[in-house]
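Look for chain A in each of the two complexes below; its partner is chain B in the first and chain C in the second.
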Partner chain A sequence: MIAPDSTTTIDLVARFPSVVTPDTRPGYSGWIVDPAHLTEVATAIRNEFSYDLLSSVTGVDYYPDKMEVVYHAYRTTGGPALVFKVQIPRHNPVVPSVTPIWKGAELQEREAWDLLGIRFEGHPDLRRIFMWEGFAGHPLRKDWKEPFYEEDVKPFKSRWPEGKHLPAEMRTPLQDNLFFPPGFDPEAFSFQDPDQAAYEALRRQHRPTDEDGIQTDVIIINMGPQHPSTHGVFRAAVMLDGETIIGLKPIVGYLHRNHEKIGERNTFLQNMPYTDRLDYFNSMSNNFGYALAVEKLMGIPVAERAEYIRVIMAELSRIQNHLVWFGMMLNDLGAMYTPALYAFEERELILDIFEATAGSRMMCNYFRFGGVARDVSEDTLRKIHDLVHDRLPRKIDEMDRLLTENEVLVSRLKGIGYLSAEDAIRTSMTGPMLRASGVPYDIRRADPYSIYDRFEFDVACHPEGDMYARYQVRMDEVRESIKIIKQALKQIPQGPIMSVKPSYQIKVPPGEAYGRVEAPKGELGFYIVSNGQPNPWRYHVRAPSLINLTSLEMMCIGEKIADFVAILGAVDIVLGELDR
Partner chain B sequence: MNPKDINLPGYEIPEELKHVIAITALDRLYNWGRRSSVWPLMFGLACCAIEMIATQAARYDLARFGMEVMRPTPRQADLMIVAGTVTKKMVPAIVRLYNQMPEPKYVLAMGACASSGGPFKEGYNVVAGIDKFLPVDVYVPGCPPTPQALINGLILLQKKIDKESIKQVRWYRKGPDSVAIPIPVLGPDLIDTRRIPDIKAHTLSSTSKTDDQS
Partner chain C sequence: MYGKGLLKGLSVTLSRFFYTYWDDLVWFWRRITKGKRRYYSPEGIAHRSSKEARGIFTVQYPEEKLPVPEEFRYLPFLVYDEGLDGTKEIRCTSCGICAKVCPPQCIWIVRSTDPATGRPRPQPAEFYIDADICMNCGLCAEFCPFDAIKMDHDYEMASYTRTLLNLDRLLKPASYYASIRPLNAAREEEARKAKLASKAAKAEAKAA
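After this line comes the complex of A and B, so read on.
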């Protein structure tokens, strides 16, 4: 069940006459704000209407008319979104930045600048984020074509119905995935390190002086992109005074594989397997978010049995994600391997269940619009039953005994990487990171989706705001997930697993939808715009891994460089989702 | 390796010396040493890296094949498992890591992306296979390959090492293979410095035509 969109409960037009108009396009909701007054309206939305959590900021290119920037704000006390938009011309689009109001917009505005070329005035550090400085063009603009461009939308005619196609290399002049502007002379090209801009930004923000006002020496070191503890190809430029961190810039994009551009060429159903590869630990949760968004657009219900299967799979996915997190966290703290091996042992059991139901260990591609792809056999349900009633609680208690009171763990985690509740909300943190700062905000409770309102469970929350709290929140969450699965297994009915007839090509009416789930890493949202065609016009993923990095610098400043690895580990990033 | 495998056939060893002396070829001895301690670089790019970790973990236990010693530094590694999508932004770092590895060195392309670009091939930031830059020894298909598939690929690599001869391996020969691979440069797009003449010929010839890409 999706909560009804009740943006009408507050009336922005009455508060800002002639500045705000309701969005009356069919299938759309929310408010359109005059760009010149955006700062004023956004300040009121945050301070007067208390929409303190800015969840998603993204741009849409309505080629050839205009650009639009879409904001989704929430209250941390719960309830549906307040959606507001600004519309700007496509040529030289400029919007005032909302970063001074919600710091959580920082990385998302950089993303919109990089991929769509929307300039945000007043942004403290507006640089490209995924592509490097100097890359030609803004790829998500509808008139920008990638080198291997074949047609605007899939299925490409050469594949179907013609059934004959040449490899992409044979269609491009350089026989490769390359495009150079005409007249570009590679010999005359002088290479400038694209990273210099990041170092400059770091130096600009931090001018360290000691107590006497004398300039002291600092060094910038790079961690990553090939570093054994950065959980993938993440990189951070860290500014150090001695061993103490005084500044930090995440440098991302090393796994930017163009999810959104490819997603706008795919049909709606073809995107489902791509969502698996976002957060590759939790393909089930990713499927869940995407299915919710498209179902919202289509206005179709979900089969009752499928709802239960979805919840069971998403919670199993959360358990294995957190188990791996325990193992990797301890790896980062130097307890090489033993906890990780324990965690992977249990994870394999959950992957067996995924393999039995969906056919694949990691890339499940299991959800369909209106239900799920295959039914779960009685045998598998019994296996899940045994797992959550016996093995998993036992193993989690074992891990609890091994780790929670462990002196090394406690002394490395307690009081390190502090983030206050206000800062956590201001930087749009979600998921365990927000709850470890004492904000009991869990989408399953705050804005229930699917059938989560039928289950008894507690929202894990710890007020300390340090890394130990982040550890405890995840330990509690695993237990709550087991509780949810136990209830779901008791209540699961027999019946069909699809509410509609399965088909390859679905009809999606024009409009927009934002579907979000409480993924193990935070709020995973999918913003989808359809224009009635078989392909989404805009397909945007609100990635918790990326947005949770907004506060990384805050948490690290004043800590030792040795703790950086652990602080980063505690955020729980995954690069497939971060860079997309 | 037991004495039966290491001895070359055709050389008679007196009975009383059978457990003391072995007659073999230098290649066999070299290859035996190399195949039995392949140290992979601790280096993951994307989804496949998780299956690589699972391969090392309890259930699949890569240690059974003598390949579990993951080295975080390229200076100590023999094998680069390219586990995941290679992007244009990342490829300079990958080539640099490969150049830093001492010889003998091998490359295993794990999964569809590293082999050919996979599902992301059409993306503007994706390199369609690591073999555009590095010489690949073994390709492992799958998205992601299961741990069993990766182990199979590693066993194939061992078989390949068994057939090597120090007379023929590329790192002991003169020629283009023995020098480091030039590190590509990030310009308006990825510039492979070996292909500068091609690029120049193309871009300068297309000046007169108007292009729809801006």
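After this line comes the complex of A and C, so read on.
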């Protein structure tokens, strides 16, 4: 085994001659692996080169000839990504699954199958994830058109100079974009329970224990989608033996709007307000990730003052996210609304700051490529200063007093929902979830972006791997964020807020880029492929909320059904980002 | 000791409870001495959304309304300058940049043409914004080169039907714009004056 060292450049070609070739397309990087040997190469990447964290798996439809599956793997010790790709013909896209190697690929491969129609052989449970079983077509393929389809890309020609307004419902959806599955006969159609596949998958993978020779029966309960504990429209089919969970399948997609397809129709700038709608608690962090990815592609620097503003905003956003998490977590545990409303007070003050700078409390749309949309006034900076030096530390101590030692809370959280460090890495957990399992992996430190290398802060990490550790990690992180903002406020220089002239027509050279940030919920990544046009060719979001659910089953098995609510709450999901 | 943490936590809620009424007493004293009220008054609302706020934090909408900051954005509107004889000089030239940059594509513009020559005139004949589609992102206002489209502060737009804003409903005077966004309006006015002055200077230099 080669010692993990981020400075050594990996030469996959030397290790696998004739199987791996470097990706030499202009603007691209990484390695192209022969699909027949993918399992072998991926095993070596994980075991020999110690790229143990598979961050992102996604597909790209290079219409009309081929499809590509892109993998981004990282080391949990830090350092840049190892990108490898598999190219397959478009008419028969079959790739060996890497789920047996990195379990974190499970949901992402299902996503790629659902949206792009790439089949992953050897995947334990390859079903559609966002769309329903029986849906015709794969929406992210370039030749698939949605209802109310107007044109391939925005801006639409009907808007100007002869703009005839026509509401969407007046446009018939039954035009040339109506698809039927091959062999579909409306006369012979009979309704099939779409949930059957999920239940069957559960029954296939889990059997009730009958140690004492008594055959017990199991029941499947659906938690959600209309359940207050699920933070939106999340649903889990839970298999129960008595009161104990023996199997679980997350069923998602109720809020699916195909954000990525919309993103491919949009121009690069038009995507910025759409990213706000992903994790709507942290639109600043979402903006950050997307701006980073596009700036990487464009190869432009960011204005110095804007860098500081970005960091301040992203950290404020983290503080309010974690504060609301404390409140919502306690809601899930049954402490209805007292902690939640205490948290909302502080959130209110932070949102006031967002409103004064970005113009909106939640849908900030504040970052631009090369800087930010508008400057922060001295008045607002003073407000932030007052918050981080006076009010927030006080209030976080109060939250600490209110909750941390509370015996009821401790007994509900300690030792519940355990996830070991190995499992957390294997299932691609990121963010507070991973750090609560004792892996000090924080992208702000491990692979610093923006100006995070200039600040003094600790990576919050607790080794216990239970829910109490997840609570403590978040409590520590809020304090670290305050530390970062204090330093940023001290160092923030005067100057321009944009490094380039603001423009709505952005020239993005052809190529690919993966920008990732440490969002409050985990690693938020944006994989963008440009072909030199005003619109991205591929726009993929690596959503931490979704990928952190890979290990939900692992954490829940053996626990009581009542604890499922709390375990799910501790993952900190947001359905806007999860379902996309 | 078991229960210590519980008691510690309860002390927090107790002090919150106490401060709510304590602050009421403090404000009652202020009302007597300075005539300042805690509820239904601007200074009371400002206090409740400041870092000193304790106890009651909520604002009784719609009787009380939070003041909106200058940068707050809701729906776009079109700015017109009032001419000397009361005519509406619409700043919009129907160049179509807002319609092109709009992420959900909610702006429809019909360019007007000169009836005599049939050539396009720099003025919109019709301007529609579908308020149901608009995502309040503010990109139209950000990239308008003529300061003609701006984001409004009026957020009380609930209606029983779908809202399609046409030119009549969109047009608002420049004085209204200056009243909701004084700093921005002053900055833009200055830039416009500087531009005009430099243009005049150039023309003068050319003539001389």
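By definition in this document, the second predicted complex is superposed on the first by the 543 of 580 C-alpha atoms of A that agree within 3 Å, B and C clash if a C-alpha of one lies under 4 Å from a C-alpha of the other, contacts with A are read in each partner's own complex, and residues count from 1 in each chain.
The working rule: a residue touches a chain if its C-beta (ideal position, glycine included) is under 8 Å from a C-beta of that chain, and two chains touch if they have at least 3 such contacts.
Remember, predicted model here, so these are calculated numbers, not experimental data.
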| item | value |
| --- | --- |
| Partner chain in contact with A:F135 - chain B first, chain C second, else both or neither | first |
| First (chain B), second (chain C), both or neither touched by A:M363 | both |
| Which superposed partner A:Y274 touches (first chain B, second chain C, both, neither) | both |
| Partner chain in contact with A:D390 - chain B first, chain C second, else both or neither | second |
| Contacts of A:N258 with chain B and chain C, given as first, second, both or neither | first |
| Which of chain B and chain C A:K145 touches, first, second, both or neither | first |
| First (chain B), second (chain C), both or neither touched by A:I350 | neither |
| Touching partner for A:Q226 - first (chain B), second (chain C), both, neither | first |
| Chain B and chain C footprints on chain A, overlapping residues | 168, 273-274, 345, 348, 363 |
| Chain A residues within the chain B interface of the complex | 130-132, 134-137, 139, 143-150, 168-169, 173-174, 176-187, 189, 191, 194, 225-228, 232-233, 253-258, 261-262, 265, 273-274, 277, 280-281, 340-341, 344-345, 347-348, 361-363, 575-576 |
| Parts of chain B lying in touch with chain A, wherever the complex brings them together | 42-47, 49-51, 53-54, 57-59, 72, 84-85, 87, 89-90, 93, 97, 113, 117, 119-128, 132, 143-144, 146, 185-191, 195-196, 198-200, 202-204, 206-207, 209, 211-214 |
| In the complex with chain C, residue positions of chain A that touch it | 154-156, 158-165, 167-168, 266-267, 269-274, 338, 342, 345, 348-349, 352, 355-360, 363, 365, 373-374, 383, 386-387, 390-391, 398, 401-410, 502, 504 |
| Chain A-facing residues of chain C, complex | 2-6, 8-9, 11-13, 16, 49, 51, 53, 57, 68-73, 94, 96-97, 99-103, 105, 107-111, 120, 126, 128, 130, 133, 135-139, 142-143, 151, 162, 164 |
